[in-house]
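Multiple structures follow.
Below are two complexes that have chain A in common, paired first with chain B and then with chain C.
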Partner chain A sequence: MSDVTDTSTPERPAQLPAQSPPVDPAETAAAEQRAGGRLSWWRGEGGEGARRNLWLIGVLVALIVIGVITRPDLYGDSSWVWSNILVILKLASVVGVVTVGMTFVIIGGGIDLSVGAIVALAGVWATTVATQSYGAGGMIFCALAVGLCVGLVNGVLISYGRLVPFIATLAMLVAARGLAAELSDKQTQVSDNATINGIASTNLFGIPLLVYILAAVVLAGWVLLNRTTFGRRTVAVGGNPEAARLAGIDVKRHTVLLYALSGLCCGIAAIMLTAQATSAQAAMANLYELDAIAAAIIGGTLLSGGRGTIIGSLLGVIIFSTITNLFAINGLTTEAQNMVKGGIIVAAVLVQQVQFRSLTQFLGRNRLTTN
Partner chain B sequence: MTEHSRDLSRRRLLFGGAAVGAGVLLAGCTSNESDQPTTAQTKGADAAAGGNAAPGERVTIGFSAPAADHGWLAAITTNAKAQAAAYSDVEFKTVEAGADAAAQRAALSTLISQKPDVIVLLPADGKELNAAGLEAMKAGIPVVNLDRAFPDALAYRLQIKGDNYGMGVAAANYIVAQLKAKGVSAPIIGEIAGTDSLELTQERSKGFADTLAQNGLKVNNRRPAEFTADSGQQAATSLFQALPKIDAIWNHDDDQGIGVLAAVTQANRKEFFMVGGAGSKKAIEDIQADNTVLKATVTYSPSMASSAISLARLIAQGKGMSDLVELQVPKELILASETITKENASSYLKLGF
Partner chain C sequence: MTEREASPTGGSAEGGSVDAPLVEAPADAVAGEVVLRLTDVVKTFPGVRALDGVQLEVRAGEVHCLLGQNGAGKSTLIKVLSGVHRPDAGQVEWRGDPVTFANPQAAMRAGIATIYQELDLVEDLSVGENAFLGHEPRRFGFVRRGHMARRTRQILGRLGHAEIPPNRMVRALPAAGKQVVSMARALSHEARLIIMDEPSAVLAHDEVGNLFRIIRELTAQGIAVIYISHRLEEIREIGDRVTVLKDGRTTAANLPARDTPTRDLVNRMTGRTIEYVFPERPVAATTADADLLEVEGLTRAGEFADVSLRVRPGEIVGIAGLVGSGRSELLETIYGARRPEAGTVRMAGRALRPGSVGAAVRAGMGMAPEERKSQALLLGEPIYRNVTLATFARYARAGFTDTGRERAEADRVAESLELRPRDVRRPVRTLSGGNQQKVVVGRWLLGDTRLLLLDEPTRGVDVGARAELYQVIRTLAERGVGVLLVSSEVPEVLGLADRVLVMREGRVVREAPAGELDENTVLDLVMAGSLMEGAAA
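Moving on, here comes the complex of A and B:
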């Protein structure tokens, strides 16, 4: 993740002076206007994001209460409860990392259907006999580089090839899984690297390393979205690409970077998943794209772009893994679990629509009529 | 200005160089040459033995199996090819069947138009490809159905398959015997199934549950995975969380078992023993080494593809199985599910895939 912040920060000073001097005042004025206009808008939206996250936390609490009621024997044991929290977070970690990248892409007005396939391709590429001979460093580099490259290809196809994101990433979904099957010769590739496998079994201060990785990626994503020019541009590009272009943002270039970021997240996720399964194969990370999109959506990310929060997406992922956990400890079937997941997605969007039409607006109108 | 552009071009050069370098490195990382290539399971044409192995009339065998996304399916195709190559009188024609039933139907009509002497077919779905089987039989080409049965008896000449229900029975029998030997009362039994929507998974689970019920036991928690290692790891992690103490687990598939065993290590659980399914090479090696919770596996061997090719050859040549009285190959063959334990692992190692 730190690579991303590294590449985006130095680009800023290099790019701004590169604008020809006559445009400079206009550019700064536009930037000022953007920043000024942003402030109040930001505050209002931020408040709404917080309200939405509160609702998600409510759902989470409800799920845990259901767990306590249905399995009081398990929840009565405090050491089990602690280990259960860690298991839920561990189950959320891989999809969580993918969802951070997905959230950026969706906020930027796109969609990435290829994330599951990228995870599989990066995982397979990192576990070939040749890559494994370079040790843990080689495997991690390989997974990250493959993820980044595939993301770049997605971005270039969409920005400069003018393909619709849905089509470009759908094509990549098929192609990347195909390439992964070709590389692995359709076999399950076992990772013999103790360092890589150790990522999934190592605990630091009683908390699994995977959870730290998730936390680091989420933190980096949050900073990148909320505290950097890159993040503000992402919101601008997704909210209104034409306005963003007129404001001097290189929309095409920015879009490429968004997909590259998503690909990089997939590369990180690939290492985590490979470590967990101590192996990789072309069919792994099946349907992760849907899990990630669903988590981002119930987290309050607008599918048409321009709005979304990293924390909301994280809560979305954790809600899903809590549901999985709840059904597992009660020994219920996955069919029922999938129906409940579907219901939660619909309910989340419905509730958010009500919120989006804004309770305050609604109340304000009422106040007007009563006055 | 110029300084900036020089700066930029230097940066580009650096990035470009790094990109090219990374590309070369990555391309170098695609090689998968293993020290020990996996050997196919074949039965050599033992000419000295005479009888059916002796070269006969030249026959063409058409073969179609779905694109493999699993080690078992990959082994099916490898075995079929290798077995055909072992016969000097067999010409082997294979068509890529694509990913789904529709693609395979299209591939099959191409194959039928080439008029092979016999077709060996592993359908993506037996029900959906029933019509294709009928079409070939009508065109006078005998069809050998591999593993996934056609509902219509007219659609095939020979049916050869594994015993999914029997796998569940064998796994349950082993678990029951072990628990009795250990004297465990009221044991906690977990099950990690394969893809739940597949009929074969349902049959396996039914055989397992039926046999346990006969012995007064039941499955305490059942988590389905998707025949992949990562889904196996997740299903097992959930299962361990639901059952703080477990006595025995049956995991349907050894490929997903790689993930299940990883989850066992990660959760640091060793109070139970586990039975696998299918009989992969790695699983048999693990059983032989006896250093994991995996103590046995029940087979569903892809060697059936090799046998299917041998029998297809006999059908095309109009011969029967030499050990049987009948002059023709029988119509149905169901392989028994065998239980591999530490004691007999060495003799099964060559059948692992």
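Moving on, here comes the complex of A and C:
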């Protein structure tokens, strides 16, 4: 009987009007269909995420096809295609690193609006004259430490100060940018350190170092989420904080760690961005929080927590930078580009919620008749 | 029930002076006419035959009870009737015509309303707005508020609850009042069949009589009611006929609700010949052991005061008390989920840090909380991850989880609890209530739990799964685990526990070995002096 009363399902509040019957029929049907039969990788555990990621790859392919159609001259040149792929990945690298941290925070049931501000603060702090005097190691340590500490402050305010994540990180957004402006005296601080600047210009086996950094962070994030107790706690804390607490998980401490992780990712991103610009300023990484949240959402991370994948988030970031690239090679404005991005966000979420559920049902029905 | 004679006057008198076409007893609904007939209805989901030949016949003006264990197909049947699912085979005849409802709205329009266990009301809208949600009386696109309020008042009058003001916010109503609003919504759609899914589960004991009075009013107006409940005594009291489901099949149809022997009903549900099976107590309880749990003078203002209790290894201690007597709060405080204002909790002689669940779990406590879904389960996650939620860190090596080992451990637990379905990779969401409860209890079979706190372990769990859970609890006790059990059902506390504490208004009023108490004594103690909140009004 009790599946009828299933009102606490995490995905419901996001999509259902309150007055309709207490069960979303499609949801229940999908659940019941999932209950049936043998569980292959496709239908079983993790299969949902895999299906969603497949859809994102489809979108990516569609974008490339659009590129081929609009600029056949460029796409005819295979060396251009390869270098363009690297351009897209390089474009995705900084936001990608931030998005990995953001994905953890969102799966854990929170949100971090301060990521762009933390990147700016960490970048500015790492490029002050005093910090630069400690060399590349000192600058990297400084950026990571600043990111980590700001993240810790976020986490402590949210966990122990009981502030709503939205409010706490919004306040941090304002405050961190303010501090960054204060530190830099509103000036652009040029990085004189060749090692740091070299991070952006170095290629290893023909692939930019920035892309390797992104790959390393994504890999580490994937392992952390899927293979460690930290990742398991993240899903539990985001999926049902009360159940996690009553199972003996220290929800507050874990929440602090999640925001600290996000801050740490921002520190890494700050070094990458500083290296790209060979400078840092208080206005850098503007609106990165929106890019990161949007990428995570497109990647299938549930804004109410408890569900999400690192690979999905990565694909979300790459889709965004592919769109940027597509507009650039066609000589279109960033304004037009932003409108399309907004549409993509809405479409992606709609498709995930509606289309996939019915597709699952469709597959289930076929199975039934062939059996 | 004395309400029976007192009631029907108010409703029908008001019903006469109605200007709008209301829910008058449908003219064509001669009492006894068959309104709904299901013939060989089949509904299959991949791998599961949820309904496998269901027969059901419901007459106008009767209360037709649906009995069956969790997983027998009751919820699927409700969904077929309310238009959520379409049957794969068989026929649904509604008032003489074969029908298939395309969606829940179509079923509603045809006159079939469903009242779910957890009521689907909008808390921040008024009673009237809820009753007419989605089909508000309108003129030129504006809601006719006065007209809506008047019609709501008429409907509430018919339900014998004219005292509920139509403009009151639903949030401000007690659970029983909300249920009345749900029924008012059904009547606003001119329902001829109302399906009630365990309506008494959300009600306190003294409110059930009021629910029955309303149901009698409805049936007196020719409306048919399908009533689902796990409580046999309710079915005896309110039901006219009973249909029993087992494994998606009708095993008995149209039995007289009042005089079919309990043994027969239970037999048809379970294929077993026993009703409430409490495992036997061991002959001599171990008295030599030192206390496992010592609670001294525990107090939280407004919840409970100066509670002291002891649990020895291998002992089952039951706490009997009404909802609101402070029993659940007491359990959560012992577990560290609430911080006490005074008093201490000791496990095996060592004082626990107050307000720390982590400390309690490390000391060997485990708890199955009252609300499975909101307090205990990650519904979208696989069964095994729910079973190992408190122990996955122990199986991990250097912070890396060992899902293979977790699955194996969860498999072992599933095996010993007879979890259905057995595949531990399925999401917990797809399990029935009884099986979800097994997952919650099973969580603490892993690791080294020495004291298990159980809050309403059998709420919403059917008779068969209950017996299995009782057996699990007793087996645990035999292995030396101490159990502290809270339940609203007095027979459960008496049948399962070795020692019983009776709580009333936050205090322990009696402590005795279970053998020295009987149901009436405990009920007297529990109820005495508690002029219940009068919430039904």
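As a working rule, the second predicted complex is superposed on the first by the 309 of 371 C-alpha atoms of A that agree within 3 Å, B and C clash if a C-alpha of one lies under 4 Å from a C-alpha of the other, contacts with A are read in each partner's own complex, and residues count from 1 in each chain.
As a working rule, a contact is a pair of C-beta atoms (placed from the backbone, for glycine too) under 8 Å apart; a residue touches a chain by one contact, two chains touch by 3 or more.
Quick caveat: nothing in here was measured; it's all calculated off a predicted structure.
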Message = By the touch definition at the top of the document, which applies to A:304: first (chain B), second (chain C), both, or neither?
response = neither
* Touch check for A:250: first (chain B), second (chain C), both, or neither? -> second
Contact-wise, after the overlay, does A:228 reach chain B, chain C, both or neither (first, second, both, neither)? second
If you stack the two complexes on chain A, which partner ends up touching A:90: first (chain B), second (chain C), both, or neither? first
| task | Determine, under the contact definition given at the top, whether A:338 touches first (chain B), second (chain C), both, or neither. | result | neither
Which of the two partners, first being chain B and second being chain C, lies in contact with A:285: first, second, both, or neither?
first
Task: Determine, under the contact definition given at the top, whether A:239 touches first (chain B), second (chain C), both, or neither.
output: second
The intersection of the chain A residues contacting chain B with those contacting chain C is 18
The chain A residues in contact with chain C across the complex are 1-11, 18-23, 25, 28-29, 31-39, 44-45, 227-232, 235-236, 239-240, 242-250, 306-307, 364, 367-368, 371
In the complex, the residues of chain B that touch chain A are 4, 7-8, 11, 22-23, 25-26, 28-34, 67-71, 73-74, 196, 220-224, 226-234, 237-239, 241-242, 244, 255, 258-259, 261-263, 265-266, 282
Given the complex, residues on chain A that touch chain B span 14, 17-18, 74, 77, 80, 83-84, 87, 90-91, 125-126, 128-131, 134, 138, 141-142, 145-146, 149, 181, 183-190, 197, 200-201, 273, 276-286, 324-325, 328-331, 333-335
So, in the complex, the side of chain C touching chain A is made of residues 44-48, 50, 70, 74-75, 78-79, 82, 84-85, 103-104, 114, 116-118, 120, 122, 133-134, 197-198, 228, 335, 337, 357-358, 360-362, 367, 369, 373-382, 385, 389-390, 392-393, 396, 399-401, 421, 423, 425-427, 429-430, 432-433, 436, 443, 460
